[in-house]
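Given below, in the form of structure tokens, are the structures.
In the two complexes that follow, chain A is the common piece, with chain B as its partner first and chain C second.
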Partner chain A sequence: MSKPIVATASLAGCFGCHMSILDIDERILTLIDLVEFNKSPIDDIKKFTKMCDIGIIEGGCCNSENVENLRAFRKNCKILISCGECAIMGGLPAMRNGIPVKECLEEAYLKSPTVDDTIIPNDDELPMILDRVYPLHEIVKIDYYLPGCPPRADLIWEALVALLNNKPLSLPYEVVKFD
Partner chain B sequence: MSELQFTIDGKDCKAKSGQTIVEAARENGIYIPTLCNFQGMKPAGTCRICTVKVAGRYQAACTTPAAPGMIVESNTPEIEDMRKAIVEMLFVEGNHMCPTCEKSGNCELQALGYRYTMLAPRFPYLWPVREVDAHAPKIYLDRNRCVQCLRCVRGIVTGDGKHVFALSQRGNKVGIDIDAQLAAGLSEDQAKKAMDQCPVGAILRKEIGFAVPIGRRKYDGKPIGSEV
Partner chain C sequence: MGTNITAVVTGVVDAYKKDRSRLLDIVRDVQAQLGCVNDEAAAQIAASMNVSRVDVDGVVTFYHFFSKTPVGKYSVYLNNSVTAQMNGRAAVAKSFTDLAGCQFGQTTADGLIGLFDTSCIGMNDQEPAALINGVVFTRLNADKVKSIVGDMKAGKKVEDMVRDHGDGANQSALVKSMVNNNIQRKGPVIFAPFESGKALKAAVAKSPDDVIEELKVSNIRGRGGAGFPTGMKWEFCRKAQGAKHYVVCNADEGEPGTFKDRVILTEAPALLFEGMAIGGYAVGASEGVLYLRAEYMYLRKYLEDVLDGLRKKSVLGANAGGKSGFNFDIKIQMGAGAYICGEESALIESAEGKRGEPRNRPPFPVQNGYMGYPTTVNNVETYCAAARIVLEGGKWFKSMGTAQSAGTKLVSVSGDCRKPGVYEIEFGTTVQTLLELVDGRTARAVQVGGPSGTCVGKKDFGRRICYDDLATGGSIIIIGPNRDLLEVVHNFMEFFVEESCGWCAPCRAGNQLLLHKLEKIMHGHGTEGDLKELESWCKIVKSMSRCGLGQTSPNPIATTLQNFREVYEAKIRKGADYDTEFDLLASVQESCRVAGRIPNIHEEH
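Moving on to the complex of A and B:
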């Protein structure tokens, strides 16, 4: 039997959740034996080359590229996991949600004391900023949620092991945290 | 005071007359979750997390006195799911950014989220726009995290009986306001009391944040209610 295939991505996130994946320590050797990675920053595969079994996404959606990427994950992954606070509720990037986009851009590119060229970047190559930051489950169907900032390494590990073995996931009190 | 007998989920319980279901349950070793309720303060029944079923009707256990022969249902799948839904509703109704909040780990709303293993709320986030008031010298009020439990309104009173906090507006615009003059005169002890009485991170003392490391905070290791 071929190995289950895993893909990962960081959208509007800080890569902290990916760090937490690496934080499973020496179990990462077992993980590499157990699964094959496809599109992921871990192996630097940029585009899906085959259908994946599990997609793990950190970060919410703050621009059009995030949405495109997320939809590609939904299309190419049988199971999609929302990993971390940003994916689940928008997290720190969502602190802009009460501020109009125009004000955000002006603050960052025009009024900030350290800017030199006072223009708001606008090019076809650049993704459009969304009106607010969206949690993943408000854009596509999400199958599982792993909360935490970042989710504890043990939680990520246990979730993967449970999925790979088709067993129910036990959620001990110590690993389900929102910070 | 006379004693009366009643049952919670079939367990025989004793209560003093006039005692609320929440208080009596606690003395009988049964935890009914509460959020707006604060020991020693007159109950307000604002959050409804303590909802129980008595004779087929839903009641707030923090405001309902135990009565002789009363049959209370508390720990049923239906009621527990309703409580979880209330926690989720409180999370989406405000802007609760646990990773950035000083109260994280000591927050009663968060602790209830942990107790009910809330992975993601079933309701859409509302993202209300709310003001932070940091004018007072010793405390600040972050309305993004407020759950309108009214603990501060009820409990924080100056020596001459004036309320430092008050409720303003109605419906979904309801919020807590702070009396600038009275807040300016708060003593160190009163500021501490205000912060401790707030179940969430809406009232915080300035310049003392993040003093306790992750792992040693109140709800890091044990769920809320495990002391009962």
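Moving on to the complex of A and C:
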């Protein structure tokens, strides 16, 4: 039987969740034995080349490219996991949600003391900014959520192993307490 | 401008002797003179009172009727309760915006008129209603709005815009309000004849312990809705150690649809104040505080006058009620627009001049309340009933109502019925009997206990109004056969989102999430999964919130999901496991407009 295929992406995130995936330390060797990676920053495959079993997404959606990317993941992954605070709730980027888009863009490109541009970038190639930062599940169906900022490496590891073995994930109190 | 601010702030702060506990009054008076409390005014208040700037800003931004930006020479606060909507609020609001020339939430360019939404102002039996500079305008329609806006543009005094006056004491020289009492049914406890001074005299003839014992015999429970046994509360307070004790009356009835305290304050204030004095005698207090919601500011002068009268008759003051050594007086503390201040510990915080945020409990107010002293906080109706119990006896009181819910209850009935108003009914009355009394037989649903209560349908009209079945602090809203129930639920959830104090996440964020999920369903994008999530989120918000607000705020959704599930089922997409409201093209419009580019949406990969 061929190995399960995993894809990952960081949308409006900080790559902290991907760092946490790497934090599984030497278990990454086991992981390579267990699964095959497709589209992911880990192997630098840019586009889906086949249908995947598991998609892991870090970060919410702040622009049109994030949305296109997310939709591609939904289309090409049987199971989609929302990984970390930003993917689940919008996280730090969502702090702009209470501020009008116009003010955000003006602050970033016109008023900031470190810029001397006089325009807000408008090239057609650039992703378009959304009216607010969206958590993933408001845009596509999400199957599982891994909370944390970032989720601990052990949690990611155990979730993946549970999923691959079709077993329930053990969630002791230490794993779900946040204070 | 700068010197003007200094002069105003200095004058007001000095008038209140730099008393930190009067910060709400100080902010109100400064705003009355300056039109708002801007950063400079807030900084000067903080400096001259020697409190932190954050304390002042905290108060200014917490309360609905305080503002950092000008609210207009005439500030119109139009009630947005569900009953107002049932009675044509949309048309009234449109008249205001068309004629005044600004939107709600804004002030006209010339600073003359400000238009604002506001939560229930206690006029549900005469909606749509508004407060303009604190003066109440009821039963508004397009014609009335036209004349009001005309008067405002002509510079007329707000008091002079009131042409007709309501019934009873609403006509008295110190009230002169167009509010109507609408007392539809008088009962033996609250609106029976009362001879001022007699109840307190009867109380002080006994020992404080005996007064408390009489209350215990009566089985009276708190009339605000929570139903804590009053005798027990007074006993806890009396026994609590403290250099002083306080009696506080909660006249902050903010539950949408309740207005019975308004009517008590108008028609039976002497009974109320005497009840407070009896409370003072029982718990060993010499001071009482009436915490009056800002919406009832129009009654303040009248109530002060009643208090003066009682002082002259020695019902209040030194040797109150003729009891040598029992000194008791009452002061009025105004609120400033915050539903949460109906929660007793939030009320105490507010009465001390702070943001109205609930305290951690324990310690309970009976141990550590107003100014840190043992305090009993009771509802307006509870004090009135206590005075009557002292006169008529605990057994008499207990003979009415049910085993667990003794006595009568004032209910405020509004919505789709012919006879809205206040009814004094015996506890244990069924919803059906009440519907017949108020002539609301066609009701599709009845909201018992306001938004935080229960929405019941026809199959439950045989249920009884009492603590052990359908509890209510007094709000009963009748929902007629042609109403969209989800619109009603939506109105209630918007209310809770607005009124959450923001202290704890389950309430602050949870109510927003519930509202958005409800909207998703109303817009036809809901699925079976969304209904399940709604249900489980209701449980989370109820069980994890810090105070009664969040512990009951999911009720509009939870009780309609339980009793009217078919309304939700009809809206959801059957069989779909997921749906989204997200619209990529719509969501990039604003940023593209600002950047000056045309949206170019790519097809999916």
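Here, the second predicted complex is superposed on the first by the 176 of 179 C-alpha atoms of A that agree within 3 Å, B and C clash if a C-alpha of one lies under 4 Å from a C-alpha of the other, contacts with A are read in each partner's own complex, and residues count from 1 in each chain.
Please note the rule applied: a contact is a pair of C-beta atoms (placed from the backbone, for glycine too) under 8 Å apart; a residue touches a chain by one contact, two chains touch by 3 or more.
Treat the numbers as computed from the prediction; the structure is a model and nothing was measured.
Partners chain B and chain C, once the complexes are superposed on chain A, run into each other and clash. In the superposed pair of complexes, A:Met51 makes contact with neither chain B nor chain C. In the overlay built on the shared chain, the residue A:Glu68 is in contact with chain C alone; chain B does not reach it. By the touch criterion defined above, A:Val176 reaches chain B but does not reach chain C.
When the shared chain is aligned, chain B and chain C each come close enough to touch A:Glu138. Legend: residue contacts after superposition of the two complexes on their common chain; A:Ile32 is shown touching neither chain B nor chain C.
With both structures placed on the common chain, the touch criterion links A:Asp124 to chain C but leaves chain B unconnected. When both complexes are aligned on chain A, the segment of chain C among 239-247, 509-517 or 563-571 whose C-alpha atoms clash with chain B is 509-517. In the superposition on chain A, the residues of chain A touched by chain B in one structure and by chain C in the other are 132, 138.
Of all the residues in chain B, the ones that touch chain A in their complex are 91, 95, 97-101, 104-105, 110, 113-114, 117-121, 124-125, 127-130, 214, 220-223.
Within the complex formed with chain C, the residues of chain A that make contact are 47-48, 64, 67-69, 71-72, 75, 100-102, 105-106, 120-124, 128-132, 134, 138-141. If you check the complex, the residues on chain C that touch chain A are 577-578, 580-582, 584, 586-592, 594-597, 599-602, 604-605.
The residues of chain A lying in touch with chain B in their complex are 82, 85, 88-92, 94-95, 97-98, 132, 135, 137-138, 142, 144-147, 149, 171, 173-174, 176-179.
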